[in-house]
Amino acid sequence: MGTNDQKRSLPHGLRLVALAGAAALTLTAGLATPLDPASRQARAADVGKKVLTVAVAQSVDSLSPFLAVRLLSTSIHRLMYEYLTNYDPKDNHAIPGLATKWEPSTDKLTWTYTIRDNSTWSDGEQATAEDAAWTFNKMMTDTGAATANGSYVGNFRKVTAPSPTKLVIELKKPQATMAALDVPIVPKHVWEKVSDFSEFNNDKTFPVVGNGPFVLSGYKADSYVRLKANKSFWRGSPKFDELVFRYYKDQDAAVSALRKGEVSFVAGSPSLTPAQAESLKGADDIQVNDAPGRRFYALATNPGARAKNGEKFGDGHPSLLDQRVRNALFRAVDREAIIDKVFRGHAVEGEGYIPPRFQDYFWKPSADRKLAYDPAAAARLLDQAGYKKNGDGKRVGKDGKPITYRVLCHATDPNDKAVGKYLQEWWGDLGIGVQLNCLDNVTDPWLAGKYDLAFDGWSVNPDPDFVLSIHTCGALPATPKDTGATDNFICDKKYDELYARQLTEYDPAKRADIVKQMESRLYDLGYMNVMAYPNAVEAFRTDQIKSITTMPAKAGNIYGQDGYWSWWSAVPADSGGSSDNASSTGVVVGIVAGVVILGGLGAFAAMRRRATAEERE
Amino acid sequence: MTTTTGTVPSPRALARQRRRASVARFWRQYRAERAGLYGLAVLTLCALLALFAPLFVGSDVSSVTDAPGRPMQSPSAEFPLGTDQFGRDLLGLVVWGSRVSLLVGLLAAVLSVAIGTLIGVTAGHFKGWYATVMMRITDWFLVMPTLVLAIALATVMSRSLTTTVVAIGVTTWPTTARLVRAQTLAVETRPYIERAQALGGGHWHIMSRHVLPNVMPLVLAQTTLIISSAILAEATLAFLGLGDPTVVSWGGLLQDAREAGAVSAGDWWYLVPPGIAIAVVALAFTLCGRAVESVLNPRLGVSR
Amino acid sequence: MTADATPALVEDKQRTAAGPRVRKGSAYPRYLAGKLAGAAVSLLAVLVTSFFLFRLIPGDPVKTMTGGRQVSAEQLAAYREELGLGLPLWRQFTDYCGKALTGDFGTSYQFRAPVVDKITEALPNTLLLTGTAFVLYTALGIFLGTRSAWRHGRLGDRFHTGLALTLYSIPSFWLGLLLITVLSVGIGPLPGMFPTGGMESGDEEGFAHVLDVAHHLVLPVVTLVAVEYGQTLLVTRSALLDEMGSDYLTTARAKGLRDDLVRRRHAVPNALLPTVTLIFINLGRTVAGVILVETVFSWPGLGGLFYQALSVPDLPLVQGLFFEFATAVILMNTLADLVYPLLDPRVAR
């Protein structure tokens, strides 16, 4: 009968497991509910610890400043390490960071930085010019350390630290961007122990020694990044005691978390959707910050991919080499409709290459040169260029085949897909087919030149050098097999001359003037057609954050600033009664839910017993 | 049809008659399955709706430039289910989306079952190394996590409806192959197969004339069940952003809703209808499949 | 995984019908060896697939790795060397296999960390989620399935069968989104009771941390249980119904044993055995199928990692994860094969 016993025990055991499981679930729900974040916030307030929680979605690629390239990671490095210079939150001009002063020699080839003497690493050591020199030298000599920021030191001849407060950088040729070296300076005495820079991720021992406004105190991949305020930060301690970046891979989840007060701030990636912004505007204690963005959103045209050695590759449509065709296509794009329908007002109509937010460099075409929306004019231009409609109403290329352009789009960007749908219809009316090619990873066809048009966009830095450099001939890949820094293979002599001139122009106003000429040239070429400057739409809880610095101070954004201003300046709100109310509601609801579930289970069990009894008779 | 009235019916006519009788018997038994009937009714309705969708909603329902409403309007008399982020009528889109969702589900299931039947019948018929190799491949596909493999395939290929169909079809056939093979083995033990072989029937003759008709009912049940999961798989792939963004399907609508931020904005009218549509159709196919199965093989007792 | 549900159900019936047959106790070692060999062959096949399938993703890994950044020619060459891209394909393959068998899948392109580290980092999270859900849905499925079979044809049975069928026709991600909307965000007077995503708040210690994780666990687990339990229920129910028609039950009843006792002592244990196979297979599948739920609930597990790796594409990580998922299924299938004959009371031992 031994087997019989075993048999009998099986269902009983399972039923017990089921009940235990259900009970555990109820218990969890019931017990955990009083612990909802609102009450945690309140409790945290009791012990006086103010925590600022920011919802993020992007995974950290690396916490080593030598490897990190993603926005979140580099923003965290801004908080952890002081850079030589910083940008003024009001108007983006360079201001002191670790360096208090910087000046070029008369031959423009030697820059001398004065390093401040009141910045200490979080382990008590003094931060000196020696640390800075070591950081740059490491990047110049070790390819592993050059992974992320190697381009900054490409033009450096020699970096030395003659004294703890003096850093000297010698250049190969003049460079106007020396007050914009966005390189985290790391403590030499900690980092010189690292053996392999290409594999060291700086995420094993905490806290991580730094000298920025915050000290990294904890990290768990795709769960959270935790930073503690650096009370001895030279510019003054942050007002919050702790800053936590918490992961919500789903943007809607992040927005919901903000509504509930689980997080204090949501930026969205790259921005909240119009529907989310609309719904948050009506919510209590939430402020939506709709700031002019630093990005441009453009339609790039393949100008025939080529390498520096003159070799051509890729398979861009030949008709696009005709400027009339490029202009016609852009004249059939209704930018106002894109702003109105796709961005629902959370963007500004595109003009020149650099967004108006950077007023010094902003340029726009005069009314008579503007490629305004005019489908009829576009059709005429195409007719002139010799691309006439055939019997089916399709325009045919020189090869006699109907034209269909392949448009490369980012599968992860809803705007690309939305604008793509409009393009299909607008250009369809012109008689041109559109094949929307949405990929997770567009890099590959892009670098191979296997596209006709592509959705393109860059975040522009206060110093526009980088976004300008990616359209020079020098950025083309050396051979078709290599990777160049080029954005979409533009190579124009006139543009390149202007680029070289601005790089050696140390007078800001004159340099800005040259930059505007470059933008004008780019506009006429018609390879980069800027459709919009999307706003940065973000939101925060006013019952948790009393005030926060935007950048630029007037109508600026909060997340992804050039500098640590937002989180450093954020002032905690006095926790009002509202969160207490919320927490007690949470407790009540939790208990009610628990009781209901338990009651249900009880009733269920009772019914079961009765039923069994019935069957027994 | 005409020969059945003759005094000496030809063998072919006899076979046809027998088949017609068995279809009639099948239908009689199927009618007794109430859940199956509900499923069938729902499916008929959906099929009609999808077929005649151009009559009520018109193909311009998916046009963004001619969108009739403002973005994300809540339900009203004009738009019973509200509008999407382009201002398109959501009711129209859900109806229009049924075409793609049903088509993909159907094609993927047919592809899957076709592969499965081909491999199953041949592996059952030809013994020896061929069967061993085929069954090894089948087993190997069985251990592949279906969704993971489908996602991988959809990533490897370009985004289009064909990709979705292939990704689903190629990953779901092994169960069919095993079922069909088992059935084939059972059929081939019957004496008349031996007789056919003795009379000089080749492999092709035996497989197409004797084995296939006998496994068809099983294949039918299997198809119905697989359509249900294919529709879910299509929605899943579209939701993960692996579908063709330019066509309207139910999964695609859910993905659009999520991307537009409908969940946190509380725009339930955008989120709920496509999900319900998926669930109802998938359920209907499952019910039909179970009914067919229980008619063919009452011992399984799935819906007794 | 909802998408898998129906084929798995069908497959299970077939498995039950074909079932592993072990005639005598002494045959078990041989049976065991056969099954283990089969598993080894499957593992090898998975290894081959993971290498070749993802080579189909067009493009040059080095370009993907450095996309958008300015990289010097020396750096590119160094990367190429590091990844062994200069070697012929067969050498790359043998290197890959050799390393993979020692558990080394290379370094992730995007995280610059060993793939194994990334996987071991995320694996416990996935196991916590799927393990909890698995215990609950299996228990619930068997419990309700047994009840349904006992009272088959009655209202309760029809209700539970219908509910189970409906729930497994629902896309899991959609259910997750609805649960977030209703229970996390809150609707109307109902406040949100559960976190909207993630696994922990990141600022709790000790027991509070455990509760915090449990709190985060509720909604994803409920979602998984809801879409998964139906299958167990239906299989248990039909197996039991089959069993109840058997002769020995009639005999037992004829001997005067009470119905309830007959069922509990004889029918249920026998009927549960085929379910065991399903349970193991389900566990393997759930680990792989958790991608959607992890995506919807921002759970920091393997599913999210896989999706992220595919979109780069982070080849080493994709390969490692794919291998991991398939191994989970193979492992569970093999376990099922091994356990089945041990439990089967019809096998003389």
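Chains: A, B and C, in written order; residue numbering restarts at 1 for each.
Note that a contact is a pair of C-beta atoms (placed from the backbone, for glycine too) under 8 Å apart; a residue touches a chain by one contact, two chains touch by 3 or more.
Quantities reported herein were computed from a predicted structural model and do not represent experimental measurements.
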Point to revise | Chain whose Cα centroid lies at the greatest distance from that of chain C | key: A
Review point. Higher C-beta contact count, A-C or B-C?
Key: A-C
Check your understanding: Which whole number of Å gives the spacing of the CA centres of chain A and chain B?
Key -> 42
Study note, to complete from the structure: For the pair chain A and chain C, the C-alpha centroid-to-centroid distance in angstrom is 34
Review point. Taking each chain's centre as its mean C-alpha position, how far apart are chain B and chain C in Å?
Key: 24
Practice item. Specify, in ascending order, the residues of chain A that touch 2 or more different other chains. Key: 250, 252-253, 256, 259, 411-412, 440
Point to revise | chain C, residues touching no fewer than two other chains | key: 177, 180-181, 185, 295, 310-311, 313
**Study point:** Residue list for chain B, restricted to those that touch at least two other chains
**Key:** 155, 258, 263-264, 266
Check your understanding: chain B touches which residues of chain A in the complex?
Key -> 250-253, 255-256, 259, 272-276, 278-279, 337, 341, 344, 409, 411-412, 414, 417-418, 420-422, 424-426, 436-440
Check your understanding: Taking the complex as given, what residues does chain B use to touch chain C?
Key -> 35, 136, 139-140, 142-148, 150-152, 155-156, 172, 175, 178-179, 182, 222, 225-226, 228-229, 232-233, 235-236, 239-240, 251, 254, 258, 263-264, 266, 268, 271-272, 275, 278-280, 282-283, 286-287, 289-290, 299-304
Review point. Can you list the chain B residues touching chain A in their complex?
Key: 63-65, 67, 71-72, 85-87, 155, 158-159, 241-242, 245-246, 256, 258-267
Point to revise | Residues on chain A engaged by chain C in the complex (per definition of touch) | key: 3-4, 6-8, 10-11, 14-15, 17-18, 21-22, 25, 28-29, 31-33, 35-37, 40, 44, 51, 59, 61-62, 64, 67, 69, 143, 146-148, 150-151, 154, 198-199, 201, 218, 220-224, 226, 242, 244, 246-250, 252-254, 256-257, 259-260, 262, 411-412, 440-441, 443-445, 447-448, 475, 478, 482-485, 582, 585-586, 589-590, 593, 608, 611-612, 615-616
Exercise for review: Going by the contact rule at the top, pick out the chain C residues touching chain A in the complex.
Suggested key: 58-60, 62-64, 66-76, 78, 107, 110-113, 118, 121-122, 135-136, 139-140, 142-143, 146-147, 150-151, 177, 180-181, 184-186, 190-204, 208, 211-212, 214-215, 217-218, 221-222, 258-260, 264-266, 268-270, 272, 295-298, 300, 304-305, 308, 310-313, 345
